[in-house]
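Same chain, two partners: subunit A is paired with subunit B first, then with subunit C.
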Partner chain A sequence: MILRLAFRNIVGNGYRSLINVLILAIVLIIMVWMQAMYHSWTRLALIQQTDWEYGKGLLRSKLYDPYDSYTWEDSAVREPEQLKSAIQGGDLVPILISPASIYPKGRMMPAVLRGIPHDQDVLRLPVSGLKAQGKDIIPVLIGQNMAQSSRLEKGDIFSIRIKDSSGVFNALDAEVSDVIHIPAASADMSSVWLDLEALREVKASESLVTYFVMGDARYADHEYENFRHIPKSEYFADFYEMLATERVQQAITYALLIFLAMIAVFDTQALAVFKRRKEIGTLASLGLTKGKISLLFTLEGIHYLLFAAIAGAILGFPLFWYFAQYGFQIPKGYEDFGIQGFTEPIYFVYPMGEIIGLFLLVLCFTALFSWLPTRKITKLSPVDALRGKVD
Partner chain B sequence: MKESIVKIRNMGKAFPTGEGDFWALQNINLDFERGEFSGIVGPSGSGKTTLLNIIGSLDKPSLGDVEVLGQKIQTLNQKKSSILRAKHIGFIFQTYNLLPVYNVYENVEFPLLLLKMDAAKRERMVKDAIEWVGLTDKIKSRPNQLSGGQCQRVAIARAMVKKPDLVLADEPTANLDSENSYKILDTMLKLSEDLGTTFIFSTHDQKVISYLKRIIKLTDGEVSSDDTQTGV
Partner chain C sequence: MKHIALLIAILISIPLAATTPSADTILQEMDKNMITNSSKATTRMVVHSRRASRSMEAISYSMGNEKAFTEYLAPPRERGTKMLKLGNDLWIYDPSSDRTIQISGNMLKQSVMGSDLSYEDMMEETSYTESYSAKILESVTYEGREAWILELEATSENVSYQRRKTWVDKERYVPLYEEWYAKSGKLLKTFTASEYQKISGRWQPMKILFKDELKEGKGTEYIIDSLELDIRIPEHIFSRASLRK
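Here is the complex of A and B:
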């Protein structure tokens, strides 16, 4: 009965209700959009990082510290005997890392050579072009980032100077067989990808490897003398940390949006309690308790949100659909922060659980802010209410 | 002997003001019997509304005893007084006080929704009440589509639909022209006679006074006369 009256009051209130509904609907749309954006971006970044670098897991040389380039030169160790067959079978992709100097267009710059088998299929890196064509010039792949910083283009030939395992400097010529888009920034920046065998040859270091990318997670379960399994939690630690900071920002934005919406709700409710004193008195005279009258007004406030949810779904649908269909292209400039997954459009995936959670959160706030002004009703005597008396 | 449904003993009502308490009602001793068609008459500010509000359990006396249908108003809590009003008392106001978002039917139905009863019975009672006041053809109209007289008739139907023991009508004709005033007075008198409902009016309108069987004059918060008229 009270629910019906609340509903009718909201509908009967016409355009004044509409404004509240619209404000709440816009807040809901923005929140859903943001939540989907963060969710989809995280998801995309994780997928790309996995596809391009992590595979099903890493087995890393215990000497290798990705944050300390001085360790890189000497961190490579021999492939363990026990893994030979897995390597042969393609389940483990050995990667050898070596610092080097490159000379693009006569300039000198430091780079990291990454040797990878030209027939691996665990990472998405298109390695088939790395196969030596019998020439003395070694084909290499670089990412767009590296291409930009080195000003190398497809077909360019440049020389590389590298220390071999006995400390002697060797030089070799390389040709950029392709410039590719590598969504995982760490696999792009300063990196020159070449065939593992070619790299081993110039380093005079047969069977050396810095880390393995696993094509099968079962290799994580064993102990290896010189290698350590890097679990996802460790590998993605930085990423998760960045997400945590993003979450804080996101929470602040949500808090602001909810705050704005709640101002509107609170204001409407306070005004309603003030303007509808006579109605409050009449309802009391008809035998409604103050609790029920408060409930009526609170339910009216909650109705705004329910209508807003419907309006938001209708108004937001084309927007939501567009971003799911065509993706969201992060404006240029953000890549400079080294943020992953920002170079290609993010196709929105809508995390229903999170969205429902957010909605419930807004619902709680709406209920609270609808109810707060109605506490006045409890203090109001029905007689004063009927007189329309203002204190 | 007739049954007394309202008993007021040595009742006073004070409102706090800037300069101490203001006694709006003093030394009130009154009884109202079932089926009475009576009115409290007096100039504006004499305390009529205050008295009706106390009888209707919307307000509490500052002094004395008020017993309505066996319940002591001064000791009733908020919930109990709500139940008393919901079940036994109907109010009619000068300004009709209809719910603007509800149509005639829904306004009249509302008090019954507070009482438990099955839908069929409720529908019959609502339709009966609307028929009593002659608004069957306006059943779907909203208050803003009705004239003042029609609104007050809806308010009467709303007050009467639950067949209350007591109806309190606070200056019900003050906003109506004489034709409409007589119409609603006829309706209320007939309902009182048919259903045995006790009516207590507050008024200073001669048209109303001419219908009253008992006139209680209130002067500055005190009863100055209490006359039962015969042959009205």
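Here is the complex of A and C:
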């Protein structure tokens, strides 16, 4: 009976109810959108990094630190004997890194040469075109970001100056065999990809490698001299830290949105208690306990949210569908920051568990803020209520 | 008849051998001129890029090949920028951010103030006799000066430029022009020295043109306005503290 009464009161409240429902619906739509945005961004970044850089794991030279450019020149070490068959079988992709100066269109700029076997299939990098055809000009692959900063285009020939493993200057000519979209920003920015053997020859560093990308996770279970396994938690540590910061901002936004919505709910409920004091007196006179009267008002508040959920689903559907279908376009210029996952449109995936959790959170707050103004009812005598007296 | 021809040949070659020192001697004499114990110089660096030229003034101190300190005096944008080289380490002080940065790793590949020299090039320490063996290719006249062309081959595997060609002034034993080659044989840099003056008993170039041959442009000129050699330089100049002073 109370439920039915609450429903009728809400419907009978007309535009006041409608405003509350709309406010709650907008809050729900924004929260679902934001939750989907963060979820989809995280998912995309993890997929991109895994497909383009991490594979099934990394075995990194103990001397190599990707965040310390001091280490780049001299961190390559010899391939361990025990991994030779895995390398030949393609389960491990050896990558050699070397800083270099490149001369695109007659300008000098620093770059990082990344040697990778042209027949690897662990990473999504399309490197089959890197197989050297002649001895004079080495084919290289660059990402769009690198192409933009170096102003290199497909077919351009440029010089590379490099120091070999003894510190001797060497130079070679390279031709851009392709410019591709590399979603993992760290594999694109300042990077020039070329065939591993070609780089080894120029560097006079036969069988040297900076790190291995694993095509099979079982290689993580063993110890190798000069190499250490980089677990996902370590590889993605920076990204997770950035996410944690974003989560704090997200939580503040949610708190603000919920606070604004709850002001509306609280205000409506407080006004309702004041305006409907004679109704409260009548209900009390008819034998309804104060607890049940409070429940009625609380249920009315919860009804707002339930209606808001339906309205939000209807109003938000085109928006949700659009972002799932066409993705969230990263604003121009953000790609240059090298933020993982910010290199291509983010197609929304809606995490139902997280969305239901958010809905339940808002439900709890709505129930609380619907109930709070009704506390006065517990102090009210039916006679005073019928006389229209509320403290 | 054969004996007479041989005798003539020997007689002709005697004065030649007597006047042409060995390649190693030439390198030693060049080192005597070019390697100084200490120096203080005010210089202008003129970078001739593809579109325009720009000039920077600096005061530099050096102690052998190990220690060097440079402070840029002009233009206003670069004024106060300082560089300190200690052995294999290089620091740069940026007055606008009041920060000292150690130039390392990939940063060493960057150009110094847009010039034809990278920080890596600045770190090069070359003594002709320690790094190279030489052979005389031919005698030529270069820019009006009699010169030998020497081909230099590195004596060890860790010399940055394994092969060089140098045009050496026969009278002064100084390089007039040099070509620095990559291991692959590609010409990387050229060095042209001119306007030599004798300072403290050594011939020193007052004008040097560095040209990165892989880069477009007309190279970078170093013009030495004043130079003092073998002077006493306070040790504190070659300290990191002096960068922020």
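Keep in mind that, in the parts below, the second predicted complex is superposed on the first by the 386 of 391 C-alpha atoms of A that agree within 3 Å, B and C clash if a C-alpha of one lies under 4 Å from a C-alpha of the other, contacts with A are read in each partner's own complex, and residues count from 1 in each chain.
Operating definition for what follows: contacts are C-beta pairs under 8 Å (C-beta built on N, C-alpha and C of every residue); 3 or more make two chains touch, one makes a residue touch a chain.
The structure displayed is predicted, hence computed values, not measured ones.
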Three-chain arrangement built on subunit A, subunit B and subunit C clash or fit: fit
Partner chain in contact with A:8 - subunit B first, subunit C second, else both or neither: first
Touching partner for A:289 - first (subunit B), second (subunit C), both, neither: first
Touching partner for A:42 - first (subunit B), second (subunit C), both, neither: neither
Inter-centroid angle subunit B-subunit A-subunit C after superposition on A [Cα, multiple of 10°]: 150
Touching partner for A:101 - first (subunit B), second (subunit C), both, neither: second
First (subunit B), second (subunit C), both or neither touched by A:177: neither
First, second, both or neither for A:279, with subunit B first and subunit C second: first
Of subunit B and subunit C, the chain that contacts the larger number of subunit A residues: C
Contacts of A:205 with subunit B and subunit C, given as first, second, both or neither: neither
Subunit B and subunit C, minimum CA distance [Å, superposed model]: 71
Residue ranges of subunit A in contact with subunit C within the complex: 68-73, 99-101, 103, 105-112, 159, 161, 163-164, 166-172, 190, 202, 204
Contacting residues of subunit C [partner subunit A, same complex]: 50, 104-111, 118, 120, 154, 157-162, 180, 182-184, 186, 188, 212, 214-217
Of all residues in subunit B, those that touch subunit A in their complex: 50, 53, 56, 58-59, 78-79, 82-87, 89, 91, 93, 95, 97, 99-102, 110-111, 113-114, 158
Contact set on subunit A toward subunit B in their complex: 1, 5, 8-9, 11-12, 278-279, 281-282, 284-290, 381-383, 386
